[in-house]
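Residue numbering begins at 1 within each chain, and the chains themselves are lettered A, B and C in the order written.
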Amino acid sequence: MKLALATQALAAAVLAAGVALTPVVSHAQSTPQQAAQKSERHRLVLQVSENDPANWNLALNNAENVQQALGKDNVQVEIVAYGPGLNMLKGESKVAGRLNAALDNNVSLLACGTTMRKMKLTKADLAGGVNVVPGGVVHIMQRQSEGWNYVKP
Amino acid sequence: MKLALATQALAAAVLAAGVALTPVVSHAQSTPQQAAQKSERHRLVLQVSENDPANWNLALNNAENVQQALGKDNVQVEIVAYGPGLNMLKGESKVAGRLNAALDNNVSLLACGTTMRKMKLTKADLAGGVNVVPGGVVHIMQRQSEGWNYVKP
Amino acid sequence: MKLALATQALAAAVLAAGVALTPVVSHAQSTPQQAAQKSERHRLVLQVSENDPANWNLALNNAENVQQALGKDNVQVEIVAYGPGLNMLKGESKVAGRLNAALDNNVSLLACGTTMRKMKLTKADLAGGVNVVPGGVVHIMQRQSEGWNYVKP
(Lines give C-alpha, C1' and ligand atoms only; values in the text may rest on other atoms or scores of the structure.)
Protein backbone atom coordinates (compact mmCIF):
# COMPACT_ATOMS: atom_id res chain seq x y z
CA MET A 1 0.00 0.00 0.00
CA LYS A 2 2.81 2.35 0.93
CA LEU A 3 4.58 1.37 -2.22
CA ALA A 4 1.41 1.91 -4.20
CA LEU A 5 1.20 5.43 -2.83
CA ALA A 6 4.84 6.03 -3.50
CA THR A 7 4.44 4.74 -7.04
CA GLN A 8 1.50 7.03 -7.55
CA ALA A 9 3.57 9.93 -6.29
CA LEU A 10 6.38 8.85 -8.56
CA ALA A 11 4.05 8.86 -11.50
CA ALA A 12 3.07 12.38 -10.51
CA ALA A 13 6.74 13.37 -10.37
CA VAL A 14 7.44 11.98 -13.81
CA LEU A 15 4.29 13.63 -15.10
CA ALA A 16 5.35 16.94 -13.58
CA ALA A 17 8.71 16.67 -15.29
CA GLY A 18 6.92 15.78 -18.51
CA VAL A 19 4.57 18.73 -18.30
CA ALA A 20 7.41 21.08 -17.57
CA LEU A 21 9.23 19.73 -20.61
CA THR A 22 6.36 20.09 -23.03
CA PRO A 23 7.16 23.63 -24.18
CA VAL A 24 10.63 22.70 -25.37
CA VAL A 25 9.52 19.64 -27.31
CA SER A 26 9.98 21.49 -30.57
CA HIS A 27 13.70 21.85 -29.85
CA ALA A 28 14.20 18.20 -29.01
CA GLN A 29 15.11 15.16 -31.01
CA SER A 30 11.92 13.23 -31.03
CA THR A 31 10.47 9.99 -29.86
CA PRO A 32 7.85 8.69 -32.32
CA GLN A 33 5.14 10.23 -30.14
CA GLN A 34 6.85 13.60 -30.14
CA ALA A 35 7.43 13.37 -33.85
CA ALA A 36 3.70 12.93 -34.39
CA GLN A 37 3.07 15.91 -32.16
CA LYS A 38 5.70 17.90 -34.00
CA SER A 39 4.29 17.16 -37.40
CA GLU A 40 1.28 19.29 -36.51
CA ARG A 41 3.25 22.11 -35.02
CA HIS A 42 5.68 23.50 -37.58
CA ARG A 43 5.79 27.25 -37.25
CA LEU A 44 7.79 29.66 -39.41
CA VAL A 45 8.24 33.39 -39.23
CA LEU A 46 9.71 34.93 -42.40
CA GLN A 47 11.27 38.38 -42.21
CA VAL A 48 11.05 40.96 -44.98
CA SER A 49 13.10 44.08 -44.27
CA GLU A 50 14.30 44.99 -47.76
CA ASN A 51 12.68 47.31 -50.28
CA ASP A 52 13.13 44.84 -53.11
CA PRO A 53 10.31 43.07 -54.97
CA ALA A 54 12.66 40.17 -55.79
CA ASN A 55 13.12 39.64 -52.06
CA TRP A 56 9.35 39.88 -51.53
CA ASN A 57 8.75 37.23 -54.17
CA LEU A 58 11.39 35.03 -52.57
CA ALA A 59 9.62 35.29 -49.21
CA LEU A 60 6.29 34.42 -50.84
CA ASN A 61 7.91 31.48 -52.64
CA ASN A 62 9.36 30.28 -49.33
CA ALA A 63 5.95 30.38 -47.66
CA GLU A 64 4.39 28.51 -50.59
CA ASN A 65 7.07 25.83 -50.77
CA VAL A 66 7.06 25.20 -47.04
CA GLN A 67 3.29 24.74 -47.10
CA GLN A 68 3.52 22.36 -50.03
CA ALA A 69 6.31 20.35 -48.40
CA LEU A 70 4.82 20.05 -44.93
CA GLY A 71 1.13 20.20 -45.77
CA LYS A 72 -0.78 23.46 -45.46
CA ASP A 73 -2.51 22.30 -42.27
CA ASN A 74 0.72 21.24 -40.55
CA VAL A 75 2.54 24.55 -40.61
CA GLN A 76 1.78 28.09 -39.55
CA VAL A 77 3.55 30.73 -41.63
CA GLU A 78 3.85 34.42 -40.89
CA ILE A 79 5.56 37.04 -43.03
CA VAL A 80 6.63 40.04 -40.94
CA ALA A 81 7.49 43.15 -42.93
CA TYR A 82 9.30 46.05 -41.30
CA GLY A 83 11.60 48.93 -42.18
CA PRO A 84 12.06 49.29 -45.95
CA GLY A 85 10.35 45.90 -46.29
CA LEU A 86 7.02 47.39 -45.29
CA ASN A 87 6.44 48.52 -48.86
CA MET A 88 5.73 44.88 -49.68
CA LEU A 89 2.44 45.08 -47.83
CA LYS A 90 1.12 48.38 -49.20
CA GLY A 91 -2.04 48.32 -51.31
CA GLU A 92 -0.02 49.47 -54.30
CA SER A 93 2.67 46.79 -53.77
CA LYS A 94 4.17 45.14 -56.82
CA VAL A 95 3.26 41.78 -55.29
CA ALA A 96 -0.31 42.74 -54.32
CA GLY A 97 -1.76 39.87 -56.32
CA ARG A 98 0.43 37.33 -54.62
CA LEU A 99 -0.48 38.76 -51.21
CA ASN A 100 -4.08 37.79 -51.83
CA ALA A 101 -3.06 34.28 -52.80
CA ALA A 102 -0.92 33.99 -49.67
CA LEU A 103 -3.81 35.14 -47.47
CA ASP A 104 -6.08 32.59 -49.18
CA ASN A 105 -3.55 29.96 -48.12
CA ASN A 106 -3.65 31.14 -44.51
CA VAL A 107 -0.25 32.81 -44.57
CA SER A 108 -0.37 35.70 -42.06
CA LEU A 109 0.89 39.01 -43.37
CA LEU A 110 2.02 41.29 -40.56
CA ALA A 111 3.08 44.91 -40.88
CA CYS A 112 5.26 46.66 -38.30
CA GLY A 113 3.29 49.41 -36.54
CA THR A 114 6.43 51.34 -35.65
CA THR A 115 7.50 51.49 -39.30
CA MET A 116 3.99 52.55 -40.33
CA ARG A 117 4.10 55.46 -37.90
CA LYS A 118 7.50 56.54 -39.25
CA MET A 119 6.25 56.27 -42.84
CA LYS A 120 2.98 58.03 -41.89
CA LEU A 121 0.91 55.11 -43.15
CA THR A 122 -2.42 53.92 -41.83
CA LYS A 123 -4.05 50.53 -42.21
CA ALA A 124 -5.93 51.94 -45.21
CA ASP A 125 -2.60 52.17 -47.05
CA LEU A 126 -2.01 48.44 -46.64
CA ALA A 127 -3.31 45.64 -48.80
CA GLY A 128 -6.54 44.10 -47.54
CA GLY A 129 -6.09 41.31 -45.01
CA VAL A 130 -2.76 42.56 -43.70
CA ASN A 131 -2.61 42.80 -39.92
CA VAL A 132 -0.51 45.21 -37.88
CA VAL A 133 1.76 44.22 -34.99
CA PRO A 134 3.09 46.91 -32.64
CA GLY A 135 6.71 46.20 -33.55
CA GLY A 136 8.08 43.89 -36.22
CA VAL A 137 11.36 42.96 -34.52
CA VAL A 138 9.71 42.50 -31.13
CA HIS A 139 7.17 40.21 -32.80
CA ILE A 140 9.95 38.13 -34.36
CA MET A 141 11.71 37.93 -30.99
CA GLN A 142 8.52 36.72 -29.36
CA ARG A 143 7.94 34.08 -32.01
CA GLN A 144 11.50 32.80 -31.62
CA SER A 145 11.04 32.59 -27.85
CA GLU A 146 7.85 30.62 -28.45
CA GLY A 147 9.86 28.12 -30.49
CA TRP A 148 8.99 29.26 -34.01
CA ASN A 149 11.60 28.83 -36.71
CA TYR A 150 13.01 32.02 -38.19
CA VAL A 151 14.21 32.58 -41.72
CA LYS A 152 15.25 35.81 -43.40
CA PRO A 153 14.99 35.16 -47.15
CA MET B 1 8.04 6.95 7.91
CA LYS B 2 9.17 5.06 4.89
CA LEU B 3 6.60 6.90 2.89
CA ALA B 4 7.72 10.21 4.39
CA LEU B 5 11.25 9.49 3.25
CA ALA B 6 10.04 8.46 -0.16
CA THR B 7 7.97 11.62 -0.40
CA GLN B 8 10.97 13.70 0.56
CA ALA B 9 13.01 11.95 -2.06
CA LEU B 10 10.23 12.54 -4.56
CA ALA B 11 10.25 16.23 -3.75
CA ALA B 12 13.98 16.18 -4.39
CA ALA B 13 13.40 14.45 -7.72
CA VAL B 14 10.87 17.04 -8.81
CA LEU B 15 13.16 19.81 -7.63
CA ALA B 16 16.05 18.31 -9.55
CA ALA B 17 13.96 18.24 -12.69
CA GLY B 18 12.93 21.83 -12.01
CA VAL B 19 16.49 23.03 -11.56
CA ALA B 20 17.62 21.27 -14.68
CA LEU B 21 14.84 22.97 -16.60
CA THR B 22 15.58 26.51 -15.44
CA PRO B 23 17.96 27.41 -18.28
CA VAL B 24 15.37 26.73 -20.97
CA VAL B 25 12.63 28.81 -19.39
CA SER B 26 13.13 31.50 -22.02
CA HIS B 27 12.01 29.04 -24.70
CA ALA B 28 8.90 27.99 -22.86
CA GLN B 29 5.36 29.19 -22.84
CA SER B 30 5.11 30.87 -19.50
CA THR B 31 3.29 30.63 -16.24
CA PRO B 32 2.65 34.09 -14.75
CA GLN B 33 5.75 33.67 -12.62
CA GLN B 34 7.88 32.78 -15.59
CA ALA B 35 6.39 35.65 -17.55
CA ALA B 36 7.54 38.07 -14.84
CA GLN B 37 10.98 36.49 -14.98
CA LYS B 38 10.97 36.68 -18.76
CA SER B 39 10.03 40.33 -18.85
CA GLU B 40 13.44 41.14 -17.43
CA ARG B 41 15.32 38.80 -19.69
CA HIS B 42 14.69 39.73 -23.32
CA ARG B 43 17.96 39.41 -25.19
CA LEU B 44 18.56 40.26 -28.82
CA VAL B 45 21.63 39.90 -30.99
CA LEU B 46 21.48 41.89 -34.23
CA GLN B 47 23.83 40.96 -37.07
CA VAL B 48 25.42 43.48 -39.43
CA SER B 49 27.38 41.84 -42.22
CA GLU B 50 26.74 44.24 -45.10
CA ASN B 51 28.79 47.25 -46.16
CA ASP B 52 25.72 49.44 -46.46
CA PRO B 53 24.94 52.47 -44.26
CA ALA B 54 21.21 51.98 -44.91
CA ASN B 55 21.53 48.53 -43.35
CA TRP B 56 23.52 49.97 -40.44
CA ASN B 57 20.81 52.55 -39.79
CA LEU B 58 18.18 49.83 -39.95
CA ALA B 59 20.05 47.81 -37.30
CA LEU B 60 20.34 50.91 -35.09
CA ASN B 61 16.62 51.64 -35.57
CA ASN B 62 15.82 48.04 -34.62
CA ALA B 63 17.84 48.33 -31.40
CA GLU B 64 16.16 51.64 -30.56
CA ASN B 65 12.63 50.43 -31.26
CA VAL B 66 13.06 47.20 -29.31
CA GLN B 67 14.31 49.15 -26.31
CA GLN B 68 11.38 51.56 -26.54
CA ALA B 69 8.86 48.74 -26.87
CA LEU B 70 10.17 46.50 -24.11
CA GLY B 71 11.69 49.09 -21.80
CA LYS B 72 15.40 49.79 -21.91
CA ASP B 73 16.01 47.92 -18.66
CA ASN B 74 14.13 44.80 -19.76
CA VAL B 75 16.16 43.94 -22.83
CA GLN B 76 19.82 43.42 -23.62
CA VAL B 77 20.76 44.33 -27.18
CA GLU B 78 24.00 43.56 -28.98
CA ILE B 79 24.95 44.55 -32.50
CA VAL B 80 27.61 42.23 -33.91
CA ALA B 81 29.39 43.52 -37.01
CA TYR B 82 31.52 41.21 -39.11
CA GLY B 83 32.76 40.82 -42.66
CA PRO B 84 31.89 43.83 -44.83
CA GLY B 85 29.64 44.98 -41.98
CA LEU B 86 32.62 45.81 -39.83
CA ASN B 87 32.94 49.20 -41.52
CA MET B 88 29.89 50.24 -39.51
CA LEU B 89 31.99 50.31 -36.35
CA LYS B 90 35.03 52.17 -37.64
CA GLY B 91 35.81 55.59 -36.18
CA GLU B 92 35.16 57.15 -39.56
CA SER B 93 31.81 55.31 -39.97
CA LYS B 94 28.93 57.19 -41.57
CA VAL B 95 26.83 56.32 -38.52
CA ALA B 96 29.47 57.29 -35.94
CA GLY B 97 27.10 59.75 -34.27
CA ARG B 98 24.41 57.14 -33.86
CA LEU B 99 26.93 54.68 -32.43
CA ASN B 100 27.51 57.03 -29.51
CA ALA B 101 23.79 57.33 -28.91
CA ALA B 102 23.43 53.55 -29.00
CA LEU B 103 26.25 53.12 -26.48
CA ASP B 104 24.60 55.73 -24.24
CA ASN B 105 21.50 53.53 -24.33
CA ASN B 106 23.52 50.46 -23.28
CA VAL B 107 23.45 48.79 -26.69
CA SER B 108 26.64 46.71 -26.99
CA LEU B 109 28.60 47.22 -30.18
CA LEU B 110 30.80 44.24 -30.96
CA ALA B 111 33.38 43.99 -33.73
CA CYS B 112 34.60 40.67 -35.13
CA GLY B 113 38.28 40.16 -34.31
CA THR B 114 38.80 37.81 -37.24
CA THR B 115 37.51 40.42 -39.68
CA MET B 116 39.70 43.09 -38.06
CA ARG B 117 42.78 40.94 -38.58
CA LYS B 118 41.87 40.38 -42.24
CA MET B 119 41.25 44.11 -42.72
CA LYS B 120 44.45 44.95 -40.77
CA LEU B 121 42.52 47.07 -38.29
CA THR B 122 43.29 47.62 -34.63
CA LYS B 123 40.98 48.75 -31.86
CA ALA B 124 42.23 52.31 -32.48
CA ASP B 125 40.51 52.21 -35.88
CA LEU B 126 37.14 51.54 -34.24
CA ALA B 127 34.73 54.05 -32.78
CA GLY B 128 35.14 54.61 -29.04
CA GLY B 129 33.20 52.18 -26.87
CA VAL B 130 33.18 49.36 -29.41
CA ASN B 131 34.29 46.02 -28.01
CA VAL B 132 35.98 43.22 -29.92
CA VAL B 133 34.88 39.57 -29.84
CA PRO B 134 37.24 36.88 -31.19
CA GLY B 135 34.81 35.82 -33.91
CA GLY B 136 31.52 37.43 -34.90
CA VAL B 137 29.74 34.30 -36.14
CA VAL B 138 30.94 32.21 -33.21
CA HIS B 139 29.66 34.92 -30.87
CA ILE B 140 26.24 34.86 -32.56
CA MET B 141 26.18 31.05 -32.30
CA GLN B 142 26.96 31.26 -28.61
CA ARG B 143 24.24 33.84 -27.98
CA GLN B 144 21.68 31.69 -29.80
CA SER B 145 22.69 28.68 -27.72
CA GLU B 146 22.24 30.79 -24.59
CA GLY B 147 18.67 31.54 -25.70
CA TRP B 148 19.12 35.01 -27.16
CA ASN B 149 16.89 36.01 -30.06
CA TYR B 150 18.65 36.59 -33.39
CA VAL B 151 17.67 39.02 -36.09
CA LYS B 152 19.56 39.95 -39.23
CA PRO B 153 18.14 43.32 -40.33
CA MET C 1 12.79 -3.25 0.94
CA LYS C 2 9.79 -1.22 -0.04
CA LEU C 3 11.86 1.91 0.36
CA ALA C 4 14.65 0.38 -1.69
CA LEU C 5 12.17 -0.27 -4.44
CA ALA C 6 10.80 3.22 -4.14
CA THR C 7 14.30 4.67 -4.24
CA GLN C 8 15.10 2.62 -7.31
CA ALA C 9 11.93 3.90 -8.91
CA LEU C 10 12.89 7.44 -7.93
CA ALA C 11 16.24 7.02 -9.53
CA ALA C 12 14.44 5.91 -12.65
CA ALA C 13 12.22 9.00 -12.48
CA VAL C 14 15.20 11.33 -12.20
CA LEU C 15 16.93 9.45 -14.96
CA ALA C 16 13.84 9.75 -17.15
CA ALA C 17 13.78 13.50 -16.57
CA GLY C 18 17.48 13.65 -17.36
CA VAL C 19 17.12 11.68 -20.56
CA ALA C 20 14.23 13.83 -21.66
CA LEU C 21 16.37 16.88 -21.06
CA THR C 22 19.38 15.74 -23.03
CA PRO C 23 18.27 17.13 -26.37
CA VAL C 24 18.05 20.70 -25.07
CA VAL C 25 21.46 20.66 -23.44
CA SER C 26 22.81 22.89 -26.17
CA HIS C 27 20.40 25.65 -25.08
CA ALA C 28 21.32 25.42 -21.43
CA GLN C 29 23.92 27.02 -19.29
CA SER C 30 26.26 24.18 -18.61
CA THR C 31 27.67 22.14 -15.82
CA PRO C 32 31.30 21.15 -16.52
CA GLN C 33 30.09 17.79 -17.82
CA GLN C 34 27.63 19.42 -20.16
CA ALA C 35 30.25 21.89 -21.30
CA ALA C 36 32.47 18.99 -22.34
CA GLN C 37 29.55 17.46 -24.18
CA LYS C 38 28.74 20.80 -25.78
CA SER C 39 32.25 21.35 -27.05
CA GLU C 40 31.72 18.44 -29.40
CA ARG C 41 28.29 19.50 -30.50
CA HIS C 42 28.43 22.93 -32.11
CA ARG C 43 26.24 22.90 -35.18
CA LEU C 44 25.74 25.73 -37.65
CA VAL C 45 23.53 26.04 -40.68
CA LEU C 46 24.46 28.92 -42.99
CA GLN C 47 21.89 30.19 -45.49
CA VAL C 48 22.75 31.44 -48.97
CA SER C 49 19.74 32.85 -50.82
CA GLU C 50 21.34 35.66 -52.81
CA ASN C 51 22.75 35.56 -56.31
CA ASP C 52 25.91 37.39 -55.28
CA PRO C 53 29.43 35.91 -55.31
CA ALA C 54 30.48 38.33 -52.55
CA ASN C 55 27.77 36.81 -50.36
CA TRP C 56 28.91 33.30 -51.31
CA ASN C 57 32.48 34.13 -50.34
CA LEU C 58 31.25 35.56 -47.06
CA ALA C 59 29.39 32.32 -46.28
CA LEU C 60 32.49 30.28 -47.11
CA ASN C 61 34.61 32.58 -44.93
CA ASN C 62 32.12 32.15 -42.08
CA ALA C 63 32.34 28.35 -42.34
CA GLU C 64 36.14 28.49 -42.40
CA ASN C 65 36.46 30.88 -39.46
CA VAL C 66 33.99 28.96 -37.31
CA GLN C 67 35.92 25.75 -37.93
CA GLN C 68 39.21 27.44 -37.07
CA ALA C 69 37.79 28.99 -33.89
CA LEU C 70 36.01 25.93 -32.54
CA GLY C 71 38.17 23.19 -34.01
CA LYS C 72 37.12 21.41 -37.18
CA ASP C 73 36.11 18.30 -35.26
CA ASN C 74 33.95 20.17 -32.75
CA VAL C 75 31.53 21.79 -35.15
CA GLN C 76 29.27 20.61 -37.95
CA VAL C 77 28.70 23.22 -40.66
CA GLU C 78 26.16 23.12 -43.45
CA ILE C 79 25.68 25.69 -46.19
CA VAL C 80 22.15 25.56 -47.59
CA ALA C 81 21.67 27.34 -50.91
CA TYR C 82 18.19 28.07 -52.22
CA GLY C 83 16.40 30.50 -54.49
CA PRO C 84 18.81 32.84 -56.31
CA GLY C 85 21.53 31.52 -53.98
CA LEU C 86 21.49 28.15 -55.71
CA ASN C 87 23.83 29.48 -58.39
CA MET C 88 26.58 29.27 -55.79
CA LEU C 89 26.55 25.49 -56.02
CA LYS C 90 26.49 25.07 -59.80
CA GLY C 91 29.46 23.46 -61.49
CA GLU C 92 30.22 26.71 -63.24
CA SER C 93 30.00 28.73 -60.01
CA LYS C 94 32.45 31.57 -59.49
CA VAL C 95 33.41 29.99 -56.17
CA ALA C 96 33.78 26.44 -57.54
CA GLY C 97 37.35 26.21 -56.29
CA ARG C 98 36.41 27.20 -52.79
CA LEU C 99 33.55 24.68 -52.79
CA ASN C 100 36.09 21.88 -53.16
CA ALA C 101 38.13 23.24 -50.28
CA ALA C 102 35.00 23.48 -48.12
CA LEU C 103 34.06 19.88 -48.91
CA ASP C 104 37.61 18.80 -48.05
CA ASN C 105 37.04 20.42 -44.66
CA ASN C 106 33.81 18.50 -44.15
CA VAL C 107 31.50 21.46 -44.72
CA SER C 108 28.24 20.10 -46.16
CA LEU C 109 26.99 21.86 -49.26
CA LEU C 110 23.25 21.41 -49.70
CA ALA C 111 21.19 22.50 -52.69
CA CYS C 112 17.44 23.07 -52.52
CA GLY C 113 15.60 20.50 -54.64
CA THR C 114 12.58 22.76 -55.09
CA THR C 115 14.75 25.53 -56.52
CA MET C 116 16.51 23.05 -58.80
CA ARG C 117 13.18 21.92 -60.24
CA LYS C 118 12.15 25.53 -60.86
CA MET C 119 15.50 26.27 -62.50
CA LYS C 120 15.34 23.00 -64.47
CA LEU C 121 18.65 21.84 -63.04
CA THR C 122 19.75 18.30 -62.31
CA LYS C 123 22.44 17.08 -59.99
CA ALA C 124 24.79 17.00 -62.99
CA ASP C 125 24.59 20.80 -63.12
CA LEU C 126 25.91 21.08 -59.58
CA ALA C 127 29.51 21.05 -58.43
CA GLY C 128 30.78 17.61 -57.41
CA GLY C 129 30.10 16.70 -53.79
CA VAL C 130 27.03 18.90 -53.42
CA ASN C 131 24.03 17.11 -51.94
CA VAL C 132 20.38 17.88 -52.59
CA VAL C 133 17.74 18.35 -49.88
CA PRO C 134 14.06 18.31 -50.85
CA GLY C 135 13.49 21.90 -49.68
CA GLY C 136 16.05 24.42 -48.48
CA VAL C 137 13.82 26.37 -46.09
CA VAL C 138 12.26 23.22 -44.67
CA HIS C 139 15.77 21.88 -44.08
CA ILE C 140 16.77 25.05 -42.22
CA MET C 141 13.58 24.84 -40.13
CA GLN C 142 14.39 21.26 -39.23
CA ARG C 143 17.95 22.10 -38.24
CA GLN C 144 16.76 24.96 -36.04
CA SER C 145 14.27 22.64 -34.34
CA GLU C 146 17.10 20.19 -33.74
CA GLY C 147 19.02 22.94 -31.93
CA TRP C 148 21.42 24.00 -34.68
CA ASN C 149 22.50 27.62 -34.78
CA TYR C 150 21.36 29.60 -37.81
CA VAL C 151 23.18 32.44 -39.50
CA LYS C 152 22.34 34.21 -42.74
CA PRO C 153 25.56 35.89 -43.88
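By our rule, a contact is a pair of C-beta atoms (placed from the backbone, for glycine too) under 8 Å apart; a residue touches a chain by one contact, two chains touch by 3 or more.
Predicted, not measured: the structure shown is a model, and the values here were computed from it.
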List the interface residue numbers of subunit A and of subunit B, divide the shared ones by all numbers used, and answer same when the ratio is over half, different when under half.
-> different
Copies subunit B and subunit C - rotation angle from C-alpha fit, nearest 5 degrees | 120
Compute the distance, rounded to whole Å, between the mean C-alpha positions of subunit A and subunit B.
-> 21
Residues in subunit B with touches to at least two other chains are numbered 2, 6, 10, 13, 17, 21, 24, 27, 150, 152
Using the touch rule from the top, collect the residues of subunit B that touch subunit A in their complex.
-> 2-3, 6-7, 10, 13-14, 17-18, 21, 24, 26-29, 38, 42, 44, 54, 58, 61-62, 65-66, 69-70, 149-153
Which of the residues in subunit A come into contact with subunit B in the complex?
-> 2, 5-6, 9-10, 12-13, 16-17, 20-21, 23-24, 27, 47, 49, 83-84, 114, 134-135, 137-138, 140-141, 144-147, 150, 152
